[in-house]
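Two complexes are shown next, each including chain A; its partner changes from chain B in the first to chain C in the second.
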Partner chain A sequence: MDEVRALRAGARDRTRASTYVMLALLGALFVWSYQGSEIDLGLLFSADGGGAIADYVKRLFPPDFSPKVVAEAVVGAWETLAISLVGTVLSAVIALSLAFFGARNLVYSGLLYEMEPRRRFGLLRRVPYLAAKAVLNFLRTIPEMLWALIFVFLVGLGPFPGVLALGVHTGGVLGKLFAEVLEDVDLQPIESLQSTGAGKVQILFYGILPQVLPQFISYTLYRWEVNIRVAAVLGFVGAGGLGQRIHIALSLFLEQQLLTLLIALYILVTAVDYLSAYLRRRAV
Partner chain B sequence: MTAPHQYRLESVRKEFGRQQVALEGFDLTVAQGERVALIGPSGAGKTTLFRMLNCTIRPTSGRLRIDGEEVRELYGRRLREMRRRIGTIYQQHNLVPRLRVVHNVLSGRLGRWSLLGSLASLVRPSHLEAVHQALADVGIAEKLFSRTDELSGGQQQRVAIARVLMQDPEVILADEPVSSVDPSLAESIIRLLITISDQTRKTLMVNLHSTDLALSYFSRVVGMKQGVKLFDTAAAQVTPELLRELYSGHVPVNGAAGRVREAEQEVGEPAHWGAA
Partner chain C sequence: MSLTPRLPGSRSIFPYVFGGLFLIVLADSWRRAEVNPGIFFEPEGREHLWRFVTGMYPPELSWEFLELMVRPTIETIQISVMGTLIAVVIGFPLGLLATSTFSFQGILHETEFRNAGLRHGLKVCLYGLARALLSLFRCIPEFVWAFMFVRAVGLGPFPGVLAIGVAYGGMLGKVYSEIFESVNERPLEAIQSTGAGRLQIFFYGWFPQVLPNITSYTLYRWECAVRTSAILGLVGAGGIGQQIQISIRMFNFHEVTTLLLILFALVAGADYVSAKVRSLL
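Moving on to the complex of A and B:
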């Protein structure tokens, strides 16, 4: 009994020490960040600030439902939907063309390479893997917004640079996720396919794709949900869609038109969320 | 000169990592058309041995020859060709669950199928007559277009056997083919394997967890323990003492009659072999 008590006390001491250190460090980090962000709650909640917010909200109403503005909102929503959809398809294509090289178990190690003579081509085998990983990392680390600025500069204003920005960044994200799914594939069916004398491409189509495709589809649909919101923001840098119109309405103080556009965005995002969730349930 | 042996292993050793020795000093010769049962406790190295016999892994040292060919020297096309000649039935989970039964059976043909032909078949299944016949041979012809993950464990094991029929190999390796199916089905699956090897003169090697199936259906029995061959003899020569030594006292058996015997042998002790 005494020994149990002593062990428990010792364990508690150790937990406490390390936990307190971690908590203190996190607290310090928060205080430092808080100061760094120049937060001034007074500005937000002062009578002045509150009045300004109430004033602005008042000016948003009533939303402008004149045919011309509604038509603008519908065209903008359609453009944003198109950007997100085409951008996501482009990203899936980019991800699919790189992910297989970014999966270690398909490129140079593990079950499929168990019987290869050692040192045959050696490190050279890893080159495609490392290259694919590097490209995926590069695409992913540059945010969509930055890609959009680059593409606006390259191909001009409009939806097209938005599509490219979404496709390239999301391609990096999905490529990484797909590669991870591929590395997690269940090996037993693959071992048995290999033992029938199947080649690597045959194993890919008969054993690996049937396992991973539902997850690929699910991830892609989820990223579409994210991209519909991103597509709206991309308009701020000139990449078309609802965002571009919202940006204009904000800059020109057209508050009632702004509310109409925000309503359109809300409906669009909600609709895509529901559609994507429904399709994902069907896919799995 | 006589025909080369189906299998000829000389002091084969397999280690995983530095410490773990799965198989050591293993000698074995198996003649064409022979039927051999391997028995032994879990961790004896039976599965490791089979994975070497079907060219999935390489021996760390020693010689492994199949039909006179040194496996160490095989890779690429010649390795695939060798694998095609050896059909394996695994314990479980060796089918692709999301594919239809027809594609799982057809995957037995992959070793001698053109890439384009095999991919086209995923869209529009080919060789349907042959697949139907193979499924009829194992007694589940009506499951041709079912999704594989909708079948029971015993039915999936039959699909795996139908795939081997489609592969039409020279050797059939069955790695604990009945340990995940109902005991009443176990016997019928073993009988099915023996019928197949009989009719087509294929070499048959079966890993079995239970001794009674091995002793009643196979004339040659190999006992393995901790990576070493303990005995290799005619079934009639396998004595209860030998089995006790193999299993350190707890002899696992299969089926209803077996369970009674097990209970008699191990009074007061849990029958933990079935759970492994």
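Moving on to the complex of A and C:
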């Protein structure tokens, strides 16, 4: 008994010690970051800084609801919606064309391949898998805003580079998610299909796709919700939509128009959230 | 695609209506978004693409350049850490207030008379106010916050910290409140039955339940913050984003490659650290 108690006490001390070490490290990290990031909270709460912020907020009101500004906001919101929609469709296309190669169980291992004799080109068969994974990682790691910067250089200003930026980055994200869904597929239906003598293509269409499609749709809708928010700021680097107008309003000190645009953004984002939630309920 | 079985012949027309609508909207969006894939095949587009792709290689690895990049890279990490800290400082109290089982109903308030007039009303008001604030923080994108803070406090990493703090504070607060709402009431009741006061219930029954979840979500948000702080520089809020923008504007694509590699390393490092810490939880 005493031994057990001693052991437990030892374990407790160890966890406690490691907790303290972690907390100390965290504290050091905060201090280091605090010094590096030139934080000056006094500036925010000083009469000067605080006053400037209060002043800014005051200038936002009332929002400018003159017909011209409202029309501009509506056009911008519509354009943002268009960018997010086409971008998401493009991303789904990219993801679908890569995800199947990014799923191990479809490319070289698992149930589909167990009937084959020990393969000769074992490593070679992994090449498509590794290549697809590498491309997906590459697409995913570069943030949308950087893609947008790059595409603005490649195809010029306007909403089109925004579409490409969304499509490429989200394509990487969705491709990874799709591949994970494909790897998690339930094996029983596949086995029963196999036992009827179905070939690989038939298994893909009748055993795998029906299982994964609802999740594909659900993930795509979720990313659409994310993309509408991103599409709204892509304009900051010249890729059209509400963001461009927000950027202009911010740069030219048109605070009242800014508030109108932000209200439009809020309505748009909320509407897309509801629509996407509704579609997800219907589709899944 | 629905999981509930439908009788054949009773299929809804929803997929067709929806499909038709979707195609119309997509066609309209295609036009509005000025989609023009042909641009890559025109001489000018081809030339740009060629210049970009060939310019990316080899990455700029000269010592002076790398030395110059050390500071922004470290700054990016520091912005993400400080930004997340501020987000927690904003998100935790607001998230608590925005939790109905914390602010005005449930076990913590059981001993009071229900609807004890003014106090109850005040609590509900606080709850509503916290929710509204969180939603406001969340719905304005980080970039807009960053831009406004650059206005308020000048260029540099500080506005980036504030932008991440406020925008992520809104997101953290919302998710925290969802975690708080899902607290299991049983242990709280057990503690209450021993005669514990509200504070004791909170610290011994409530807090230990939520801590792992909120830590893990906060870590996830920090990973996102690393990515975000790397690009907030596009509007002048410090970090390597500023460098990336400069390099692209100056057509120095080999520098872009280096910066992207740094970004990869940062993101992968953050992934690794947060996975490591999460495994310790």
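Operating definition for what follows: the second predicted complex is superposed on the first by the 280 of 284 C-alpha atoms of A that agree within 3 Å, B and C clash if a C-alpha of one lies under 4 Å from a C-alpha of the other, contacts with A are read in each partner's own complex, and residues count from 1 in each chain.
The rule we apply is simple: a contact is a pair of C-beta atoms (placed from the backbone, for glycine too) under 8 Å apart; a residue touches a chain by one contact, two chains touch by 3 or more.
From a predicted model like this one, the values you see are computed outputs, not experimental measurements.
By the document's definition of touching, neither partner reaches A:Ala165: not chain B, not chain C.
Set against each other, chain B and chain C differ in how many residues of chain A they touch, and the higher count belongs to C. By the document's definition of touching, neither partner reaches A:Leu268: not chain B, not chain C. Of the two partner chains, neither chain B nor chain C is touched by A:Val173. Look at A:Arg282: by the touch rule set out above, it reaches chain C but stays clear of chain B. Of the two partner chains, chain B is the only one that A:Glu191 touches; chain C does not reach it.
Across the superposed pair, chain B and chain C both touch chain A at residues 214.
By the touch rule above, chain C contacts chain A in their complex via residues 1-3, 14, 18, 25-26, 28-30, 32-36, 39-40, 45, 48-49, 52, 74-75, 77-79, 81-82, 85, 139-144, 147-148, 151-153, 156-158, 160-162, 227-228, 230-231, 234-235, 238, 241, 244-245, 248, 251, 260, 263-264, 267, 277, 280. Those residues of chain A that touch chain C in the complex are listed here as 18, 22, 29-30, 32-34, 36-40, 43-44, 49, 52-53, 56, 78-79, 81-83, 85-87, 89, 141-143, 145-146, 149-150, 153-156, 158-160, 162-163, 213-214, 217, 229, 232-233, 236-237, 240, 243, 246-247, 250, 262, 265-266, 269-270, 279, 282-284. Of all residues in chain A, those touching chain B in their complex are 111, 114-117, 120, 186, 188-189, 191-199, 201-202, 205-207, 210-211, 214. Listed in rising order, the residues of chain B touching chain A in the complex are 51, 54-58, 74-75, 79-88, 90, 93-99, 103, 107-113, 115, 118-119, 122, 160, 163, 167.
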